[in-house]
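Pasting a structure below so you can have a look.
We just call them A, B, C and D in the order they show up, numbering each chain from 1.
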């Protein structure tokens, strides 16, 4: 396959590496160092850890003479791979002033030089498939961290009373949202999961059959305006809408609205990467936890789709939408969305709005292994499988996801209380 | 149906109520008051809460002149029904010296008198179906708490350095365990869940179709001896066997063996409700969490069954085995088990050992709603549905479960770290 | 000295031992088992621990053939004596249902039999002074625990929504409190601490000189009514009255009034060992922490006395007042106080009210060693000295203190946030 | 007095302000942002907070037209002055990436410009004494924060596995330490506290009489080598040496040596601001808590001096020694100390070594108010008084203290568990 040639790999490698550094460019040094909660990692950590991946799993294994850039980075920038060795405590990543941002950019250059040389040197002699797999995985891994750079820095800036702006964004007029429509599907036994061939994460495999009941899926995600109705109807005060764990969380955390919303002088505002601004009712609601998504759905007399239902629908549609390349860094409001759609005629015909991009959509499916699942061999087998517990599946990518990173079978997952990701919801029945 | 007649209801009511009090009989007053961890409730609380259920959902609703036994018991003994009102903090149940055990036995008598009168008075005039449903539910609810009385008091006694005995038990010789055999099944689309008719919990419905891959199921649960091999092979020291959350739990809690096991002078002992004794290798391993069950299965090159696989097999077999009526209060070792089987010829023919009774079997299925699930109306709708998050399904009942409480479609559920229940595992492939 | 003869010792021993059991008599078994916060110990623990003291420090050392009542009680009922061995975790004392209350009463009888025999056997042959010291210490130790039995059971009952009564008490009319008067003293160099001879705790020694500035001391403690004025003046809302640690505590614990006060329908109530009743304005304010005492004094334009000032005044007056023997178990209101005073003509002449009894009086003195202090030899040296940090001195005894346990030089001590003791304050300038 | 003229004030102001910025110069931006424990504040916070002091208490009050540099800095950089308004949570100071280091240097310049103009403008017309007091206080306040900049950055660098160097330091040979000598003093009634006149903190006043027992004081602090003997004698394993709170802390924190000591290949190392190096036995032990100082003294058969004893001795000697101006940033070893002493002939004659500088010396005195103490009026009254609880007094200054900031009556204070300051001890008897 084309994407597996050394030339294609090199090109992809360079694009992905450059994209990470571009994301950090608007930030001050100070922004890249701190950690505002245990789930958040400093930008400089993301820049280093993605580099560590190539150093550890490619260079150190493939180049007999390779010398580590620094003897302690193997420990400092290991995230959770027990098979590779001990890890620096996750919750203390923000307690390391050194290595500095400059040190880490040097680290990136150093590893990049070796990687480019390694890949260039294999133009005439194809790399073993396992090596190609690892390098491809490394680039997709880095794309995941690109999204995390954005969600984490949003938390860093959004926790600051000064509410600093990451990057000025465009402003659109507010227009009416289209009324909710339902698309109807028959059930049956169908195939799910990714086909071997193009790149896939191990958790998308093996391809397998499963049974689907007849169902209906909403043609668009729930909007901020709809979610506001839930709030105004006492949604956060009424335990009957909530899962038991959800209700405890609401009370313990004193949640009264989605993350990054706040009220001032009777007007709702939202903090975005382009700064704080009045809430736009037509944009998809974002930064809600699974608990909130599930409570909203129950209040609305509907439910969340299973990941099978979502995938069944989505595989008929190519991934197009408001991805990170649009540089909105926020779910589009209705006017912006329609303009984007016009600009991309192929997406216009879809009977669904925003299946991809804008917000990750919580499904009602706990994250478990597909029948017959086998994690990858070695340390890389720790990538996905060991998290299959107490997490829920999200689908479709967001405004912070690189477009070529997403596909219909892609499974994202977070614990049900997490809400610092760009996560929203779409209803099913 | 017979079980729904007022006569049958009255008989069942009286049997169940008596059984609870029988379970408390071997205990001192002191034993019935304390709480050794937040999950544990005092015996006297169980005795009161099950009574509260009938007072709240039957007497207060059906008898216009009913007067509460005590004005504050509605608050003190509500477990988690938000629709009924606020609840006394669960973790502080052991901080209430009053009402005393005697007060609570009076409370039970008071409510029983009214219930008996109410049921007797309806012999000639059938009760509305919804009332019958609630009373039946109340008895099954109380049977669940009978199991909890035992698991909770085991924690109370087992936390005490004096290791007191609940009730002397029989002692059997140790014999060889039968080697593990696998039973093989073809996949296909099948029906799951309980049929309307006999009593069922709402979480067993609706009956629905699902798809099963071909699979194999072990003919018996994993034994203590087999689990010991896992331990001796470094099972608790090797992160690669464990889910990520499981490994954190092992480290944080410093787990090195199942709950209630301890080593002394190089010999493994186990605390049971009949006191501490040397570990019997042929008994099913018990008091393991989902994390430990899952790690064992991975180490053994197998996996846990899904709840569908378990149910598909189990519905061919009637619930027979080592239940609470046997008064062992512990999983039987091989010799005891074989004697029990002989005594019950109908079970002898089964190709499976101990599908029911002995230990609850962890499945790999997160606890979620069946397609089309609707919780019961009103406060009783909080019974099951709101816990469908961060919990795993267990099947088959245990040595602490009343036999007529269990059935093939019965779904028990606990968080993956819980291990104070009589929980074990059976392998699948 | 008379109190050191074996006859006197035996009599004192028996009186003290009996008094402890009398205090437990009004309680149910359930009351004696639980622990409502880490500082509180169950009644049965106090009954056992005071017995452990005699078993460990007298019987086991003096009687060569003495056999422990139970091999594990040495561990279970050691409070904090590291030199004697490990201790069962203090915060888990309420997690032990066994030994039962009955077991512990048997333990007491067993030890008492040996102690009585031991003391009777020495009528003709005087005991070594060190043994006499230890036995005397044991009785004073048990008297301290008598006070704790009351303060702890008050917390147990007062934490229960049913607010049970320990013992019905007398009711007095409310009369006007006498206006505050100040007594004035010149400074100088004076002697402080206890003289050798009669029983004393090591922390009262050595007798030493210290310098006193001229000062004034209030003739009576602050009343509940005066404290209410502080509250109504926003005392708990105004940080400027408070020590920094005090203000954090107020906010973290959400303190708005003394412990055991609560407001209902615009009336202030107080929970006492005789049940809940409307607040009496003329009784000394009680169950305030050092932080609250200090804040009140600052608000009132005064300060707390040092322990030297208090002792300088008190040594002119014999300990008389509302002690545990009065069986009020609560600070007396003005009418009751005056009646008590009348009944004890010798106290009538005192220019001070309630210097002894009613409430322990917080001083501004951190608990430190006197110059030249030497803790007792051996394990008993852990009695006092090792707590000389982060605690404040209180003086004078309370309504829960045995009268013959107190003296002018007696130093009680608790951390500045503690308020479950009968602690109040007297102003100085 | 000379130091109170506007000219002197301006000179002092400029020197102090410059010194703070000099201390930050060796640091990267990253170093100045993070917070490695709640007690530590980021360097940039110290730079801003000391500026906030002048803005809030001088400029905003004295200049009618003064405009705040930034509207939210008043809130962000208030440390604990409730009278001035709410404060940003101390433990989250390291979660603020903005304002950046550059912003804060601009803030400093802005306020400096106004301060210089204000002071210059008053050369001809003397400022009111209260204003002079506040400005002087501001400079001493900033000097305290200069010490904290060093102790806090030491924690930041010392928590980093890379152990970065703040500033390369000089290396001296190791020589034998002089044997411990005792100086003997008679007791009596003496005067303590600072005389009005020169600058003093309110907690040093009022001057008052107190009584001193005869005592002996060691001629030098305890050395690292002596402390090592305590460790090798099982000091950290033997509860009898420790206060009860100290022993809990040792066990909870798993202390086995002073902060910044670590063992590698059987050799003890110490992290210093000049990097990690083998432990020097002749340097004063440093970074011990009160608990450790007190345990050491008990082990050594001695005790800590009271603050009165220390002051009584120290007021005979002028403050000379290893202060921050020496730029060692670490207690001097014996050789370095002797060289310093030679260079300062006036100190050579002292019968005491290192009374001032090197390490703060823990005293056995809880931090309380002197008799008749009155805090300063207004918000500045919160400076000292409200911390008079649960803290112990230290005396003498350290290698991180500016020399002209210290005097014999100077009272520093920290909680007994704190050890990130340059704190050591001197024995008394």
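Throughout what follows, a contact is a pair of C-beta atoms (placed from the backbone, for glycine too) under 8 Å apart; a residue touches a chain by one contact, two chains touch by 3 or more.
The model shown is predicted, which means the values in this text are computed figures rather than measured ones.
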By label order, what chains touch chain A and chain D together? none
Can you work out the whole-Å distance between the CA centroids of chain B and chain C? 47
Gap in Å, rounded to a whole number, between the CA centres of chain B and chain A: 39
Just curious, how far off is chain C from chain A if you go by their C-alpha centres, in Å? 61
Which chain A residues reach two or more other chains? none
Taking touching chains as linked, do they make an open path (line), a single closed cycle (ring), a hub with spokes (star), an all-linked set (complete), or other? ring
Under the stated contact criterion, what part of chain C meets chain B in this complex? 28-31, 33-36, 72, 75-76, 88, 94-101, 156-157, 159-162, 164
So in the complex, the part of chain A that touches chain B is made up of which residues? 80, 82-83, 189, 208-211, 213, 239-240, 242-247, 290-291, 364-366, 368-369, 371-372, 382, 386-390, 416
